[in-house]
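Okay, so subunit A shows up in both of these, paired with subunit B first and subunit C after.
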Partner chain A sequence: MNIEKFISEFADQFDDLDTSSFTAETLFKENDEWSSMTALSVIAMVDDVYAVRLTGDDIRNSKVIQDIYDIVLKKSNS
Partner chain B sequence: MQAFIKAISYHLPQNQLTNADLSALFPEWGVEKIANKIGISTRHIAAEDEFASDMAIAAAQKLFAAHNINPTEIDFILYCTQSPDYFLPSTACIIQDKLSIPVKAGALDFNLGCSGYVYGLALAKGLIAAGIATNILLLTAETYSKFIHPKDKGNRTIFGDAAAATLISTEGFAAIGNFELGTDGKGAENLMVKQGAIRYPEKSADTVHDDYGNEQSLGSLYMNGPEIFAFTSKEIPALITDTLKKNGVRKDEIGQFILHQANRYMLEHLRKKMDIASENFYIYMAAIGNTVSSSVPVALDEAMKEKQVTPQTKWLLAGFGVGYSWAGTVITFI
Partner chain C sequence: MVEESDAEFILSLRTDPVHARYLTHTDNNLQKQIEWIRAYKKREKKRQEYYFLFSDHDYQPLGVIRLYDITADTYTSGSWIIKPGCDEFVSIKSDLFISEFAASELKNKRCVFDVRKDNKKVLRFHKMFATITGEDELNYYFTIDEESVKRKVSFLISIIQPKT
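For the complex of A and B:
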């Protein structure tokens, strides 16, 4: 897993906004486009690409993209 | 005695809530884009004085008329709803009277949501197998619109009201196979109307926001969409595999997979995960939304109009959601 690829995959779940500025430290919930639908898309993407099951709580407890990445990394190693 | 599905009809309330209506109500929100993702263009919404039991009765009357069924033939009513008329009596008793079903018929309500139809088939099959009843009227009816906070744009986009009536009998067009059922009450809090029943009788007017800015109150419907998605993604592929196993059939022997029509995005995710071709995976929700316990019978009815069936054609039915609760079976056309 690498963080650059993950940020790009994460950003793909946003439809409209310019996500090229997304970094590991982006507070993604402050993005106007963030909604339960985007959250759901992130869960689906992580399931598809990494075969990892993120929960709603994992999303709730995360602030920046790095937080989600760390959870995925931890779960894929366990 | 074997159990068969003999006839299905459904009823939708007249009022509609289109994407354009939602867009006018919530101009700041990209309704079109989201509705497009979840595959819903419009939903039918019960009028203020129209209740789930009214819709169930309308569906039953349609069933009787369309399939030339006399209400006197019915010897059991199973009514699946989470929107009963009263705490007591069972709404099924009121429905018996209004439909002029004989007083010798059994009748009961059961409270389930999106898994309710398949559970109803399981109960009906049990009644037939035990020789308790021979013509069972299974009704599913829901008015989640009455639970949803008027400002809750997310849930208003997803859910539609509907009712369906199915006759299960000792003969019919499709034999009801074996069941795989499941329950996990740990998920109860993720899809809930918390107030207004016995534990919390008072409905607070205070508005709360969910994690995604949808306005709700504790007396209105709360759904943790991402959590429900995560549950579905984990449990449903296993439910499908186990349902196939229980019925001794392979995935490629199933003509149509008819799952609870939660939303298209979720269904597509499940379809790809289970590696099912889209032509074998029926989706019917653009014109009605997620109709909870009626989504499977409505989709089944529509699929039968659209898809060819021959003797021995097998379709898989699966419902899942609030509870958590899930159920699957295979029907075989005769």
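For the complex of A and C:
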């Protein structure tokens, strides 16, 4: 896994927001577009691309993109 | 089920320029919304349509979802909209609820529905389980059979009730 690629895939789940400044440290819930639909879209993307099942708690307990990346990395290695 | 008293909340959701842009246009007219719900309640009584409002533990409304166009073989699921700022579980729980309701109340029927092509978030989710049967300039048209609904329900449950 590669964090740059993951940030790009994560950013793709936002349709309107300018995500060009997204980094691993981006607080991804602190914008107008974040919603429970975006959360579901992120879960679907991770399931599709990484064959990893994120849970609602994984999303709920994460603040920055790096948090989600670390969870996906850990689950994909287990 | 939705009641006339929910008209103001539903209107606020459906006239939100950002979050309702993928739904059929709704006039910003409370009286019209009340009349629409009044007509809907007659369809509900005949079991022709089901319009659900979901709320939080304090009974504060969070969103709506609807089953309609119920025929001998098919039904449509749509009008799905959730208030911004809700907990991450709300979209999952609402879809889980409607899938389970349809499985028990609309047995042996196939769900057919359309999703706007630029509604990327909802498209990504539905593409995991449903099959695209057609498209036009505006929409993709989907169908999902009972087996795929079961897979989806299992997926959604695994998100909100993970195995420890």
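The rule is simple: the second predicted complex is superposed on the first by the 78 of 78 C-alpha atoms of A that agree within 3 Å, B and C clash if a C-alpha of one lies under 4 Å from a C-alpha of the other, contacts with A are read in each partner's own complex, and residues count from 1 in each chain.
Operating definition for what follows: a contact is a pair of C-beta atoms (placed from the backbone, for glycine too) under 8 Å apart; a residue touches a chain by one contact, two chains touch by 3 or more.
Please read all numbers here as calculations on a predicted model, not as lab measurements.
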{"item": "Overlay on subunit A: subunit C relative to subunit B, clash or fit", "value": "clash"}
{"item": "Which of subunit B and subunit C A:M1 touches, first, second, both or neither", "value": "neither"}
{"item": "Partner chain(s) touched by A:D47 [first = subunit B, second = subunit C, both, neither]", "value": "both"}
{"item": "First (subunit B), second (subunit C), both or neither touched by A:R60", "value": "both"}
{"item": "Which superposed partner A:L27 touches (first subunit B, second subunit C, both, neither)", "value": "neither"}
{"item": "Subunit B versus subunit C as contact partner of A:Q13, first or second or both or neither", "value": "second"}
{"item": "First, second, both or neither for A:S36, with subunit B first and subunit C second", "value": "both"}
{"item": "Of the stretches 77-85, 95-103 or 221-229 belonging to subunit B, the one that collides with subunit C", "value": "221-229"}
{"item": "Intersection of subunit A interface sets (partners subunit B, subunit C)", "value": "15-16, 35-37, 39-41, 43-44, 47-48, 53-57, 59-60"}
{"item": "Residues of subunit A that touch subunit B when the two form their complex", "value": "15-16, 34-37, 39-41, 43-44, 47-48, 53-57, 59-60"}
{"item": "Subunit A partner contacts - residues on subunit C that touch it in the complex", "value": "18-19, 82, 84-92, 95, 118, 120-122, 124-125, 128, 155, 158-160, 162"}
{"item": "For the subunit A and subunit C complex, residues of the former touching the latter", "value": "13, 15-16, 32, 35-41, 43-45, 47-48, 53-57, 59-60"}
{"item": "Residues of subunit B defined as touching subunit A within the complex", "value": "30, 33-34, 37-38, 154, 190, 210-214, 224-227, 229-230, 233-234, 265-266, 269, 272-273"}
